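Take a look at the structures listed below.
Presented sequentially are two complexes of chain A, the first with chain B as partner and the second with chain C.
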Partner chain A sequence: MSASPFEGVLSMLIRQRGVQGCMVVGEADGIVVDSNVQVGIQSNVVAALAAALYRKARLCSAAAGLSTVGFLQLEAERGHICAIGRDGLVLVTLAEPRAHIGRIRGAMLESLSVLA
Partner chain B sequence: MSEEIRRLSEELARDPSSLVFMQLGEALRRAGQLDLGLKVAHRGLERHAHNADAHDLLARIRVDRGELQEAFDEWDMVLRLAPSHVGARKGMGYVLFKQGKLSEAEAHLSTAATQDRGDSSIATALRMVRRLLRYAHVAGNGHDAPGHDDLIAAQRRVEEEARELFADILGEGEHTALLLNADGLVAAGLYVTAEGEDVSQEVGAALTGVRDEALRAVRHLDLGAWRAVVYETDLATVALAPALDESMVLVAASHTVPLGFVRRVLDRCVQRATTWLEEVE
Partner chain C sequence: MRTHVAEPWIEAPLQTFVDEAHALFALLLHPNGQVMGQFGFTRAVDVMAACALAAAIHASAGELGKELDGKPFREMYHAGRDRQIFIGDVPTTQQQFVFLTVFDSESSLGLVRIYFQELCELLEDAQPPVMKQAPISSTSLEHDLNRNLAILFGRAPRATDGGESSLSLS
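Let's look at the complex of A and B:
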């Protein structure tokens, strides 16, 4: 079986400080295409919720006339969800509050081409 | 006819004494079929004259039809049947507010807020009524019962305050801010397009859905309270953050404005909105 085209990107993202998991998800169905997560992280749940959030932001933005959504970050008391999408796929990262979001954002923007 | 309405109609036809008429009446009300909803509620009440929720349904249909006094009378009946019915208090407060009877509206909403502390829409309405009352008293030089002109002056002052709430924070920059209540309605701020069109309500209604998804995500992933959602589009950076009473602040800035600056503006707008909302407890 050949290696997943997302393996390199996911390996790079999981090494960022505070990242608990990262995955490539189908935006429409929220199903995991490939993932790299720490033990205890339920990738299926994260994937479904992050994809739904990204999809909603994209649809709401279009309705508000704000064009295509790029990078999205949800900041919460006990963590962050970052997402960026292209061609029906979303790259999702789940991170701890201590994570360096600037670096994660940069890495995710650089990885966008892999979703094409 | 929607599938739900069809199903409920069939169920009611099979058992005309069933309480399903309340679900059917509500579904018709939500679908805007108010004449039909009114008929269903009346027929149901013929069999269930002492059901407080059925009278509440009738009152809500009356309000949607613009029949404020009839709605008020119906809610009055609800309170006789169920003295602690929060929906009736809330409804009566709304009608009295629309009729300009602010002190009476405040009394009903205050009772409703005490009975249901979790309903942010009551808290929001109560704050608005109290703010209007305060400004009307000022306009009327402190007289006990503000007159019609005082109420209009108070209304204007609230509208102006709301419109200008974030103006000094935003300055002449390429960004805009809105305070949206729990239902996504614009409570303060302004969203004007480059063409000068005010699209505050449309943008507010559209972006409230993002807040709902964020809430769902943090709840299921046990991430605690959400603090912000920030996303970038080809045209703008959009930042959302929660404020008092389940309201939300939205800042949108040109995509050329740095992300960190947008976040800073968002924090200041949230602080301003909280202070403004808390002025009237």
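Let's look at the complex of A and C:
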């Protein structure tokens, strides 16, 4: 069985400090394509909701005349959800509050080409 | 728009699903085709047709799953051009139901699967104690199919005890 084309990206992201999980999700259906998450994280639930959130943000941005969404970050009391998308796929990263979002952002933007 | 149900305990779980998943249509039925609750349909004949087809698809897929995989397929999904359909098995401890929902691009398969799982849990918690049931004959089946349709479309009063009045032996 061949490895997923997203395995390298996900392995690189999960090694970032404070990252609890990362996944590639279909934007339209919210189904996980590939994931690398810590035990206890409901990846299916996070994936579906994050994909819906990203999709709404993309539509909102387009409606406001702001063009494409570059990087979406949700800051919550106990952590962050970051998402970037391309060609119908969304890369979602779940991180703790102590995570260095700048590095995660950089790594995710670098990974964007893999989604194409 | 509100859900319409044949038994009151179904209303809250079904309404929660519809609200959360942004479904266009939702239908909860017995595997025999008897409707228990619906959302989005405006004509009884459409509910009747959808229930008959959903029950048939569920039965066919169940047998196909047994042939192919040794167990019935529990969920089915079909994506149309604009709308998508999801049919799932709702196995509560006391009864089994079939659930059908139609949604568009406002929702997604992932969201529908999450809220379908939640619906199953809410129905499990809300279900009333099991009632003793009479054997189903062709007469009682037809009577029950028509009774629930009439309740849903306001042509008959709903049972207030939460039970299945015409099937129960009291």
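One rule holds for everything that comes next: the second predicted complex is superposed on the first by the 116 of 116 C-alpha atoms of A that agree within 3 Å, B and C clash if a C-alpha of one lies under 4 Å from a C-alpha of the other, contacts with A are read in each partner's own complex, and residues count from 1 in each chain.
Assume contacts are C-beta pairs under 8 Å (C-beta built on N, C-alpha and C of every residue); 3 or more make two chains touch, one makes a residue touch a chain.
Model, not experiment: these values are computed from the prediction.
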Of the partners chain B and chain C, which touch A:Met12 in the superposed model: first, second, both, neither?
neither
Compare chain B and chain C by how many residues of chain A each one touches, and report the one with more.
B
Contact-wise, after the overlay, does A:Ala52 reach chain B, chain C, both or neither (first, second, both, neither)?
both
After lining up the shared chain so the two structures overlap, which partner does A:Cys60 touch, if you call chain B first and chain C second: first, second, both or neither?
first
Would you sort A:Leu112 into first (chain B), second (chain C), both or neither based on which partner it touches?
neither
Based on the superposed arrangement, let me know which partner A:Arg78 touches: chain B (first), chain C (second), both, or neither?
first
Chain A positions touched by chain B in one structure and by chain C in the second
45, 49, 52
Contacting residues of chain A [partner chain C, same complex]
25-26, 28-31, 44-45, 47-49, 51-52, 55
Which stretch or stretches of chain C touch chain A in the complex?
105, 107-111, 113-114
Residues of chain A defined as touching chain B within the complex
45-46, 49-50, 52-53, 56-57, 59-61, 63-79, 81, 94
Taking the complex as given, what residues does chain B use to touch chain A?
193, 199, 202-203, 206-210, 212-214, 216-218, 220-236, 238, 252
